[in-house]
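Take a look at these structures.
Paired with subunit B in one complex and with subunit C in the other, subunit A is shared by the two complexes that follow.
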Partner chain A sequence: MNINFNIAPKSNFITYYLKKIMEKEYKKLFMNMEEVNPSSKLFEKIMLRISREEKLVIVKKRIAVFSVFLAISLGGFVYSFITVQNAFVSSGFTQFFSLIFSDFNIVIAYWQNFLFTLLESLPVFAMIISLVMFSIVLGFLTFLMKDMKFINSNNILRKKYGY
Partner chain B sequence: MDIKKFFDSKIFIVFFIIGEIILLLLAFGIGIIIGSKKADFSCNMDKNYERNFGGPNIPGDLNGDLGSSHGIFGQIIKIDDNFIIIKDSNSTEKVISVEGDAAIKKFRDTIKLSDLKVDDRIVVIGSPNDNGEIEAKLIRLMPSPPSGSNDPVNNANNNENLK
Partner chain C sequence: MHQNIYYCRINKIYTMDNDSDEKLVEYFLEGEKRALEILVFRYFKMIYNFCYRNVGDINVAEDITQETFVKVWKNLNKFDKNKKFKTWLFQIAKNTCIDYLRKKKSIPFSKFENEDGDNNFVDNFEDISPLPDEIFKKKDLAVFLEKTVSKLPDANKMVIILYYKNDFNFREIAEILNEPIDTIKSRYRRGLISLRKLIGDYEY
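Take a look at the complex of A and B:
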């Protein structure tokens, strides 16, 4: 039923008439409409999705923070690794160690002196710093991988089940 | 037996912790031995400084570094009879005592003490004596590094020149 509201006079009678028509139409509409029976697990699913979305927000923030820390610690590790390399050269360790290849028989004959020389020239402090930096990098990488895995599993669930 | 179960088992964890403690104690023990040897050598060097170098000892001249007692890599600054004085990468001078059983090597050849010259770069392996000297067992003449390379002895010389 088409009513041109532009030409309809604005009186109480017309408003009343229109309301009646609308009531009739709505009745028809709801009588023909199929009854919706929501799943019994819908509430559970909605709550699950809400909690997952909340966790996702936290995880995304954590990833951003961990990425920054990872970049910083990676820079620190590279710097400490270069320091260790230089320390090996400046302490004479590489020169002492090279004797194994050039004077193997003599080194074996005086192996105790050679071993002490190597141990004494080992840049232990620089190595410890470098190892600590490496473990920090690994730690941040582990956290980051866990969070990435969570996001990935979340995407898979969303694709598979739609929630 | 499942490997994952084995690694998660309490027995493995207990053995792992015991192993870690043993390794830690071993490293600590080696550190003590190395430290005491370095300290002994440094003490003997200090006692015999005037005799070895012909001048008064300046306190704190070692810059806190005790130096290696069983080996040294550096530049010859003086050859006197059976003694060689070497300056290492820390600009620390050490006296090397060369006895008859010491092997002096240049590439594949065995050379004599008289073939060594001032400014030659050598690597020495030996054992410390009570006079604060290193009794050489092996002396290897090293080729001069190419200019511009990261050489600890040259770096030490450059730093000294800057001072």
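Take a look at the complex of A and C:
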């Protein structure tokens, strides 16, 4: 047994010596204590948990960015919708269209001209812009729902394991 | 130039297995994800055993081990490079075990923190008698030891396991358990006295 005599306090030399012997004895005893083997998949489970948490961080950041974009695109959509509404009124489309209910016979008699007039007065550009804005809102909403679902599943796992 | 950087990186990945823990942390923070894999692989069994001996349930020990490494991953950027990684890791594992025990079993935190009361450590081991020779001849010594150690009070058991199974010194254990070194020495001594008594009570 290697004992460093230089660091042993001279007055307590015997106590120090006994302590070292005792420690050696207990060390020998604890060497007999077997290691408990974890399940063979524990390492993979840990790495999976870490990559899941990594994904969670990315998802949370993405949700924050998407929420801002969703709010902006929603505002854009509302604005474009009001523009379409105004365009329908200013182009005279609503007046022409109302003829179907007031003068149906005339509409039938000149249906080709009527159809052409209706198409001409249709605010196509404003409608396209509004549809594009609507699809952007839907797109962001889908991404957001997907990410929320991932966070929700993660919360279920956390509750299951009690963390 | 670009090729050189590439070969340096490949070389780093292949030689990382032999690097120190602190060097691996540095590599991970530089963006080398494999460094974390090596760290987890190096310690997951040790942490699992530590957790198992503290909570006494293999499934819970697995969950706590997972949680410990997730916490390590989350806080690696806060790791103090002047400290030992192993000590820091066990500190997180200990806290996770305590969190679990507090949540699941409603164990008051004081059970881990203030068990020693006002007793200070007295550097006197004379009241710990030597181990009987018969103990080493026991056939089922591993099982016997496991059972005996599990009977020790939680705080003392933690110190004994960290000292004898995980090769930490008193200063490092004090850091892990966030306690004064004298408290740790006192718990160590109490743990050995209890262990010696439990071994002595057994009829060979």
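We take it that the second predicted complex is superposed on the first by the 120 of 163 C-alpha atoms of A that agree within 3 Å, B and C clash if a C-alpha of one lies under 4 Å from a C-alpha of the other, contacts with A are read in each partner's own complex, and residues count from 1 in each chain.
Going forward, a contact is a pair of C-beta atoms (placed from the backbone, for glycine too) under 8 Å apart; a residue touches a chain by one contact, two chains touch by 3 or more.
Because the structure is a prediction, the values reported are computed rather than measured.
When the shared chain is aligned, subunit B comes close enough to touch A:95, but subunit C does not. Shared-chain residue A:29: touches subunit C; no touch with subunit B. Look at A:40: by the touch rule set out above, it reaches neither subunit B nor subunit C.
Residue contacts after overlaying the shared chain place A:107 against subunit B, while subunit C stays out of touching range. Of the two partner chains, subunit B is the only one that A:86 touches; subunit C does not reach it. Here subunit B and subunit C are compared by how many residues of subunit A each touches, and C touches more.
Touch criterion met: A:117 reaches subunit B, while subunit C stays clear of it. Those residues of subunit A that touch subunit B in the shared complex are 86, 89-92, 95-96, 98-99, 102-103, 106-107, 109-110, 113-114, 116-117, 119-121, 124.
Taken in their complex, subunit C has these residues touching subunit A: 36-37, 40-41, 44-45, 48-49, 52, 58, 61-63, 65-67, 69-70, 73-74, 100, 103-104, 123-126, 128, 130-131, 135-136, 141-142, 145-146, 149, 164-165, 192. Within the complex formed with subunit C, the subunit A residues making contact are 12, 15, 18-19, 21-22, 25-30, 32-39, 42-43, 45-47, 49-50, 53-54, 161-163.
Interface residues of subunit B, counted against subunit A in their complex, comprise 30-31, 34, 37-38, 68-74, 88-89, 103, 105, 123, 125-127, 137-138, 140, 142, 150-152, 155.
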